[in-house]
Every structure is written in structure tokens, then in C-alpha cells.
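Chains here go by letter, A, B, C and D, matching the order in which they are written, and residues are numbered from 1 within each.
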């Protein structure tokens, strides 16, 4: 695995990205793709992979040096996710942990950073993330998990779904409605963001039977009158949704890295196969029907990658990176899907054999067209915010 | 499940198709999609489903009445496969059995028909099918399984791959080279088609670890000096490949039915979901971004279906249905893929939950772009045979 | 030019289609594509082409024999339009004339048929068609042309746009609102359908500067208090829009024929070119990047064509052909566009030279994605009517 | 017109691009799109536009300051072309002139630079460009124009085609074979690059009848024993093709700018129209079927643009920009085509009216998928050079 960085990655980011890529080589050696697949198949977990990330110091990236981290910002997080994904070993939890830490770093107290962020560097603490509810889709109005103020803090009841790694995580960063029912709300007001200890009474997990290959499991998480202390609240009561929104650009860029890494992994397998598979004597890669879809996917991935690192650099420099982040997620997920599709078609029937490890890539890349935000919603965003068209 | 037959199905085929669709309703009641998925997941087999087909008299379809069957021709076979597939329960073996029976009916002796075809009507006999070899792809020159003449028949050695249902079948219809190595051959000459008893000594199976949902398993089948009697040969020695070619149009049409049935199943689930899922109050099906891909897939499936039944009618009337069969396979597999893709996107994250049964449809539809012949090869065929362009 | 009819055209229609194709060969000899282009370029008209159609007896097709025509129904009209279009000489007016005649035959009096339909057979009379208005798009509510009852008939004022052949036609079949302004209407009620003599005082034409190649011109037509007699009204006052709706399926099928014919013309040119153009020694048609798009377009055209003739046969047999007609228009226009796109790419730079006559085909095929109804509206129709999804 | 520069344009290029965009505003005021179209329609020329470029000092961009120019490099040329194209007034000759000047600056003598490059800054001299021949396509082996050494220089005979602006240009930069026929050549050896005065005896022009909107005309240029002096040769005899190859990356990036500018012009028109066109009361831009294709095209154009300026910056910094240039041309031309297609569909029937100026954009964007190198050839390049697949 080489970084293979065209000049599409800005010069100022290149050294950082290169060094992350080198560090990830060690992680991939310790926890190779075959192990990743095996853990996924046995519905295991990502703890070995996580330990390898700790050992390589990669969990310190994205936390400012003055806060005890290794710096690197979102560009660093993006490089970590991309490199792991290019090696075929993207941990779902990484995206969530980096996202959660960002929210606490931006809106939490010094004590909350000490308690919740720093232990993630050493692997003592993992954080999962809870927003989605069964009936709500992307409509925040429809969220029903409620946190009612109590003398000592809040009492939380409700249900979340598609919670990745809830069995491995120690805490969940949870969005819950704090405004009393009946109060008139805007789309984003009336929410609190809580760091909830998953070992508290009243929390139950139900593992979902998910059809993709990831070592982490997915859960429904039920909250039945869970009592949390007052300092579980991150930032101000009522601002939780705004805090989320302010971190979405971060998430979209990391998602792009995830997709593009896997797309690259799929593409490289296809190229290797097309160079040697030769039932008619010449390698099948000499056929335009084989090579052109691979080439087009490659170009589209490079374009998305350029946008992704430009977005990360923009975010790190404090400019509004919303347009770039949304474009990177859209382009990245689409290009990665084109790559894995071309890879499947190149491999022919053998793509469907588990050991070939091609079809095994598809569901994860496919779901990134949909989660955490589907590409149609991004097209809505671009129509309204970039083009100035009316809301659909 | 209704037949939902637009006038795209020729008037002369409509009654037959309708009656098959009704018969399949009983099969689907006895062996519903949930059971199908369960058997697939536990790497079981299709024996219950097969018995239900026998009980419904459906295995008699496609065998001429004067031969003891129920008639119906390829149109009947196509309707059986389509109806089963629309119900979400397409048996891999059905396509293979109908294909194998056709070859024996056309080229076998009266005794071979008695021995091998008639017992399939009652379910006493299942036939699997062996052509593909690991290194050969679609290049017949590269096939290496050899049948050497012996005093009592032939001695067969070699290896086949992607053999569906080899554990359930009693016999395999096997293509093997009979010409001595070194003899100069054309692309198709020098092959024999053999009906080989799978319980013979020297045959070993290795189950492949396949990533799709079908009750039947896939195997590598090894032949190590397997002695078969002289009457295992179907038709003339040297003509085996020609026999295959003459049945390919039949296969392509049945494959189209398989794909279109599953595509329809996926589409109907999406429509039902889009009619009721309403996180923002109005059903998501009112969004053009949701409904247009579904509508386009629907239209493309209807067009492919029209071509498919036209091809079946052409085959049954003895005209050369090659163009229609190839077009039906290409259009059918592509349209079905568009349908399942739109269904996934409509279902959002829930598509990836096993119980939703959407993502579970995708691999089988996807492989039908590739097997038994990939769509690029069909485009080659159309370029050369229909357009008169030079060979690529 | 041969009919090249695969068995996708139902057996019962094949003889009719064949004979029409033969008759059109004579028309194409008398008025070849080169003349068509020349007339288009000089903003001429289609009168010579029309005369050739008269001479070949083709304008009698689609009028029942008992009414003095040659029969053939919509299948006949479709074959005429397809054959002319395959020869590169599709007259815009043919589609309009056949559409207008159909409305009069169905809803007009015996006298109106005598006056308006029969003279079209001999070419004495041409009819153009006026529905579209500048601000209305596909919204009938927004139509503003008004016919006010007078003692002797109606007084018509308003404006129509995109009226093809208004300079050549003798009459226009005009949709105008007859209900008094302010009266509450449903979407379709309150319209009259009028056969208006274009030589009447108060009618003014303004030729539009249109960027496609057709011998007929397009016009804005202004009606300034035009007095028409009572018998200009076809059928009942108030039913005009319903009459139109009842003829739309006819129109969509003829549009499909128009598109598919031109697509076929473009494809054949590409195939001929790809067979001989060989800057590297072998013909470029041997490249998969050249041949596969042509092959795919061919298959999609055949599928659309099958749907088109099935729809025509359904219409002629009196069944509701709405689904088939809409699907045929959608598939036909899309497939034809794929064909002309592939033809352009095959021809390379030479496609843009007028004499090559490839780029000259594109605008007309392109507009058929939009007119008379855009393909997005057809997807809406299919979503609602075929899939049962809510209105978008 | 605003520069609308997202952070996708590298910080170091942004000021230059901004200042070019401002300068072009003046050019567009002096020679607006309407004039451009009018000149194109009357088969005029681009002389007024050229003068406006001179007046704005824009022809000095791309020539090093130490050579008497304004500097700016390829980034500057790209910005000029993009800005002109975004204003709807891209001069064909600009791309050719900048390309030709680059070759002379890199390989010519000081005297040749004085004679041929500097006069282009003041508009005294225009240079057109001659490589393509009727039978050669992209195969240099097939080029037949020959320059035979004479005592005083060379005698040139042959034919070139698709020569833009040959009537306006004073000289043509001409590729001709100098090796004697029969000599064994590699693909690139044996050519000379000549600066030929178009007023010399033996040169004849034949205007082609081209179907796109550009003020410049296209020509076949015939060379019949044209005597040129020895100093017409640029650089070394035998190296002409290598010189061309070394400038191709420059050309591809300028082509991307051309396409993207026009695509942006088409997109902006569509957005403006979709914001106000409202036959049903709400603007059509609120329909996802309208807005999503526009949004996707916008994102794809931004991605291509990022690649384009990255490529220009790479070229200017002396790194090998081949991958970036090829990717930018491929992505830029495709994205621009998506934009104009979406714009046509948004405008409906009115897109086909000359005054609407939408369909008038299409042929030029379409030809940029093909010229100067078709996108399939770029996919070949990427397959071989970036992916390491065998030659197709």
C-alpha cells in the first residue's frame, strides 16, 4: 500500500497524509483484511483493530496538541480513515469516535474533555453515537427520545436505531429532546446532547441482523427512564441539534474517505485480476469493456478525493466547508460504488466467492450512498444552497 | 401475487402464463420466501421447494405431452421461472433441469429420455449441469476435462466449477473433451455431452463459499478417472458443444425470467414501503427522486418481459430466437438490477437489515449480469450478429 | 431500406407493416433525405414530401375503409411514421394530421368528416394542431385562449405557440376555453375543440427561429377576435379537453415511431462508418468502446419498438393502451437518443459536418424527450397509474 | 458574472484567476454573447472579439514577463479561457494561439519568438494550428503531409482538415513528415513542426459546413508544393511530434476550461429559468426531477474544475501534469455535457428556439467530448498509464 498521492492533495496536507499512511501500514500488518472479514463474519468486534490504532498512536490524531493530542485536524482524521479503508479495514467506530470527540472538544467543558476525550487516545474509552430513530428518518421534528429534567440531572426515555458498536462503546453521545412536549419548536431547537454511560440501568441493546461486512455490530438501543447526571449534558440545553449540525461537515468528509478507501481497494483488486486473468490468452484487462469502467471510476475517485482533502483543509483553516463537504460525500460515495461495480464485473463469477473478497466490499460502499445522509438529500442541499433553487 | 399481464404478452401465450402463475401461488404458499431465505442462510437445500413443484405438476411443463409431459414449451418454462421468482423463491436447479432436459429431449435416444427425463417429472431425479472450468471462462478451447474412450464407455478426468446443486442432483450433464489432445479442433468440435451418475467412484465435491441467497449450494466437482458406460453419451461423440449452443437461447430466456421475477419482487416491496413510509408526513413515494427510478425500472422490466415472451414464443414455433433471447437476457438482467437498486435506495438504511429482505435480493440479481454469460459478451454478440460489426 | 422486422412485431401486424415499408421506399426515392435537409435549411416546407405521400396512397392509411380510407388503424399510422423516419424524412405534419383526423373521426359529425378528413387523403387539405400556449406548459388550467359564443358561432381570441406547419395547413384544430371566465372548472372541463380555417381574418402567424432540421416551420399563432361558424366545433362544447386526452395514446405511439425511425437512421450510418473507417488499419467498429454503445442502443430500440407495435395493436383492438403508449414513448425517445449519441461519438469530428448528416439528426430526437410531453411527466404517470404511488 | 471561486482553486492561483475574471468582464461587455452568436450565424469571424482581448491585455497572459508578456503561465491561460467561456464567448482561436505560442516559446529560437510570438500580444498576428488529416484520426503513422528538404528550406504538400480560423490567421503551425517515404519510423519520429505563412502560393482553403456556433470557421487546407524558408522549422527536424506531445497537457487543460465555462453558462441559464418558470404556480425548480440533474452537474463541474486548476498549477510548477490534464479534460467535458443536457431539459421546448440560446450551446460542448482527443482515448490513457493495464 502506497499513499499514491497525486498533486490533487494540496501541498500543505501532503506530508501529514503521507505520515498517516505509513503509520497505517503497521496497523494493517497487525490486523489484516482477512482478520477483519473473519471478525465481521463471526459477528465479533473491532477491539483488536482498535488496539492496533492505539498502538500506532493514530487515535491521538485530530486532537489538538495543546489538548494532549497529536494535532492534524480533520485532514488527519480523513487520512486515517482513508488509509485504513484502502487497506480494507475501516472501523465504523473510528468515524463515530472522531465525530463525537469533535463535538465535545468544541462545546464541552474542560472537565468533559478530560473525562471523555483523552481516554479515547489510549483506548480506555470508546464512544458511539445516537441520533437516528425508527420513525424519524432525516426529520428532526419526528425525534421522540426525551430527556426530562430531574433534580440531579435528566431522565431519558426513548429508542435509537442503527447504533454502531453499542456493545463495545462505554458511552453514547445521545441526542434527546429536552423541551416539554407541546412547546412550539423550530426544526433544531429544544434538543440536548448527552454523554450517556451505557452501563446505566434502563439501557437495553438489541443487535440487528445486518447484511454488510464490518467487525462492529449494529443495535437498537432502548432507554427506559435512564437517570443521567447533570454533567452528562454537553454545552447548553437546547443547543444539541445545532451542535450536531456544526459537526456534519466533519462527518461527511470522513464518510467520503471511508468510501473512497474501499473503492480504491476494490479497484486495485480488479486491476491485479485483469492483468493476469487470460482465458483467451491475452489478459482481460486489454478489453475496453473491462478497462474503461475501471478507468472512469479511478478518475472519479481522484476528483472526489481532491474535493475531500480541499474540504478538510478548508475545515481546518476555519472557513465554511459545507459545500466542499457535501460535494465530497456525494462524489466520493458515487465514485466508490462505480469502482466496486466495475471490480465485480471484472471478476466475473468469482466475485461472488467469499474468499475473493470483492462482493464482500459492496454492501458497505452501497450503504454509504444512504447513510448517514442519502445522496438525494445532498442533491437537495446543493440545489437550494449552491444553486439557489426553491426547496423541493 | 397476480400475473399482472399487460398486452405485452402475446395473446396466444397469455392463457398458459396465467395458469402457470396460478399454480405457482400454491407453491409459494407451501414454501414461502421466508423459508427460502432460511434454507439459504443455513446452507440447506431446495428439496422442499422441489417437492412443492412436483406436487403442483410444474415439473411436467416443458416436456411434450406425447412424451408424458404437460407441454407448454419454453413459454411454459419461462412462466414457471418468472412466477417462482416473482414470489421470491426461484430455484437455481429449475433453470438447470429444464435446460438439461431440453438437451436430452432433442439429442438423446428414446431410452435416455425414459431413463433421465421422465423421472424428473416426479422428482425422483434431479439433474445438475457442468460446463464451466476454473481457467476457461467463456473460451471453449481452454476446457480441459477429458473423456477418454474405454472398451466399456469413457474414462473422465477433470474439474468443473460453479456447479449448482451438485449435492442434491443425482446426475450431472457434463461437457468433456473426447478428442485426443493434440488433435486440431475448431472452437466447438471434439466434445461429448455425458449424463454422469454423481454417485460414481472418483467424483468429489467441494462446496464453495458463495455470497448470495439461494437454497442450493455451489460446488467444485472433481472427476478422477471416473468410468462411465457408453450410454452416458448423449447424441454423437464430437457434437457436445454444438448441442449446448443449440440450447443456449432457451437458457437465456429462462435467465431473463429469473432476473425479472426477482426485480419485480424488489420493486413491489419498494412501492409498498414508499406508499407508507412518511417521516415528514407525506409518503416518501411522492418524491420524484424516489418514484422516478422505480418507474423507469418498471418500464424497462416490462419491455424486457415483452422481449422475453416473444423470444419464448419464437423458440416454441421453431424460428431462430437467438436475437430475441440475447436481447431478453441483456435487457432483463439490466432492468432487474435497476429495480433492486431503486428498491434499496427507497428503503434507506433498513434495506440492509436481513428481515427487510431487500439487500438479500441484490447478489442474485447482480450475478445474472455475469452468469451464465456476461452482458459484455452479449453486446459482442449483438455487435457482430445483429449489427454486422467486426469481432472485437 | 428493409423493414428488418424481428418477431417482436406481432404476427398479425407484420404484413401491414411490411407493405407500408415498401410503399415508403417509393416516397423516399421521390423525396430523399438530402432534399429533406435542403428544404429544412432553406426554411422551406414539406409540400413535395406531402405530395409523394398522397401519390403513394399513404395518407389514406388510418382512415377506415368504410369511411373511404385504406384502413390499417394506428398500426398503419405508426408504420408510416416509422418508415418515413427510418428513411430520414419524417414529416412533422404527418403526426399532427393523423392525430387531428382521429379526433374528428371519433367525435365529429358525418359532415365534418366529409369536409375535413376526406380531403386530407388527396392532399387538398392539411391540418395543424393548436394546444400549447406560452405560459401554460402542461397545465390545462393555465390555458387562456377563449372562444366566446356568438349568435353565429364563436369568437376566438388568444395565442398559441409551437404550431408546426401553420403556414402550410389550411385549418388548425384548436383547443379553446368556452366556459366564461370565473366559472369554476375541473382540470379538463370547459374546453371546446374547433376546426378553424387559417385564412380567417384576425389570425396572424409569427415564425419561430427553431434550431432543428425539419422542412416545416414553427409558429406563434395569434387569434384576434376570430369569428368562426357554429359547425367549427367538433363534438360537444365543454368536452374538448376530454377529446384530446382520448387521443393522446395515439400521439405517443406515433411519436415513438418518429424517434425510433430517426434513431435507426443514425445507428445505420454509424454502423456503416464503423465498418470502414480504419485509421489504424482495423475498422474502428472492432473497438468495444465503439461497438457496445451502438449494440446497447440497438437492443433498447428493438424493445421500445416491440412495445410500440403492441400498443398500436392494443389501441386498434379497442383495449386501453395507455400504459403501453406511455411506455413506448418513454422507451422510444430514450433509445433513439442513445442511438444518435453513439452515432455522433462513432463519427468523431466528422459528425459535426453538415454533409455527414449525423449532428443534423440530434435536435429532433432530443426534442422528442420533451415534446409533446416530457419524459419526466411520463415517469410521473407511470409512478401514479402503474405503480400506485402518490402524486409528486 | 462573478468568479465564484470555491476553495477548490488553490490559494496560490486564486488572485490570478480573480484578476483575469475581472478583465474578461470588460471583454464580455464589448463583445457580448449575442454578438458572438450573430457572428457565428453569419459565418463571420472573431476579429472584434480578438481586438477586445488585445485591448484588455489578455493576450499577454501566458507569455513570461521576461519575454515581454504578462506572465501567469498555464493557470493564466486557463482562467482566460474559462472566463470567456463562462461569458458565452469562447474563441476557438484562443486555445490554438496559446497552444502554438507555447510550442514556439519552448522550442523556437529567440528570433522565432520575436517574429511569431510577440506580435500575437498586440493582435498583429494570429496563429492557427494544423495536425489533423482526413484519413489519420489519432494515428500519427497515417499522417501524409510531407515536407521535402530543398536548398532554401522545405517544399510542403498535403492536406489538413478541421483547421479553425485558417481564414483569419496569418500563419499555421503545421506538422509535416520530413523523413523520406520508406524510411522506418517510430510512432513519433520523422516529423517537423513548421510555422507556415498562409499567404504563400500553393495554399488553398475550403470552408467546411460545420454545425456548431462559433464565430471562427473551419477549413480544409491544401498544400500544393508550398515552398517555405529554412527558418520556418521550429526546433529540430525530426522532433516535431515530440514537441506536440509535450504541449498536449497544456491543450487538455485549456479544453477543460472551455467546456466548463460553457457548461456553467448553460447551468446558470437553467437555474434562472427554473426559479421563475411556474406554469403550475410554483417554480419548476422545486421539482427534484428538475433540480437534481442540475445539482449533480454543478458538483461534477466543480470537481473537474478543481482538477483543472490543480493540473495548471502542476504544469506551471514544472511537475508532470499528464495525469491531471487528462483527468481534467475527461471530467470537464463530461460534466459540461451533463450541465447543458440538464439545461435543455429544464427549458423544455423553448430550449430549441434560437433566442433562448440553450440548444446553441450544445454542439460545441458535445464536440469537446471528441476533439481534440475523444474521451475513449483518454480512458485508454488512464487504463494504461495510471492503472497499468495492457494496451487495448
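A few notes on this one:
Keep this in mind: a residue touches a chain if its C-beta (ideal position, glycine included) is under 8 Å from a C-beta of that chain, and two chains touch if they have at least 3 such contacts.
A quick map from chain label to UniProt name: A, B, C, D = Unannotated protein.
Since the structure is predicted, the reported quantities are computational estimates derived from the model, not experimental observations.
With steps allowed only between chains in touch, the distance from chain A over to chain D comes to 1. Counting C-beta pairs in contact across A-C and across B-C shows that the higher total falls to B-C.
Averaged C-alpha coordinates put the centre of chain A at 52 Å from the centre of chain C. In whole angstrom, the spacing between the mean C-alpha positions of chain B and chain C is 41. Each of the following residues of chain B touches two or more other chains: 287-290, 292, 376, 379, 392. Here chain C touches chain A in the complex through residues 287-289, 292, going by the rule given at the top. On the chain C side of its complex with chain D, the touching residues are 132, 135-139, 142, 162, 208-212, 277, 279-280, 284, 287-290, 344-345, 348-349, 351-355, 359-360, 362-363, 366-367, 369-371, 374, 376, 379, 392.
Chain B contributes residues 6-8, 10, 267, 271, 274-275, 282-283, 285-288, 290-292, 294-296, 298-300, 302-304, 306-307, 310, 313-314, 319, 321, 323-324, 327, 330-331, 376, 379-380, 382-383, 386-392 to its touches with chain C in the complex.
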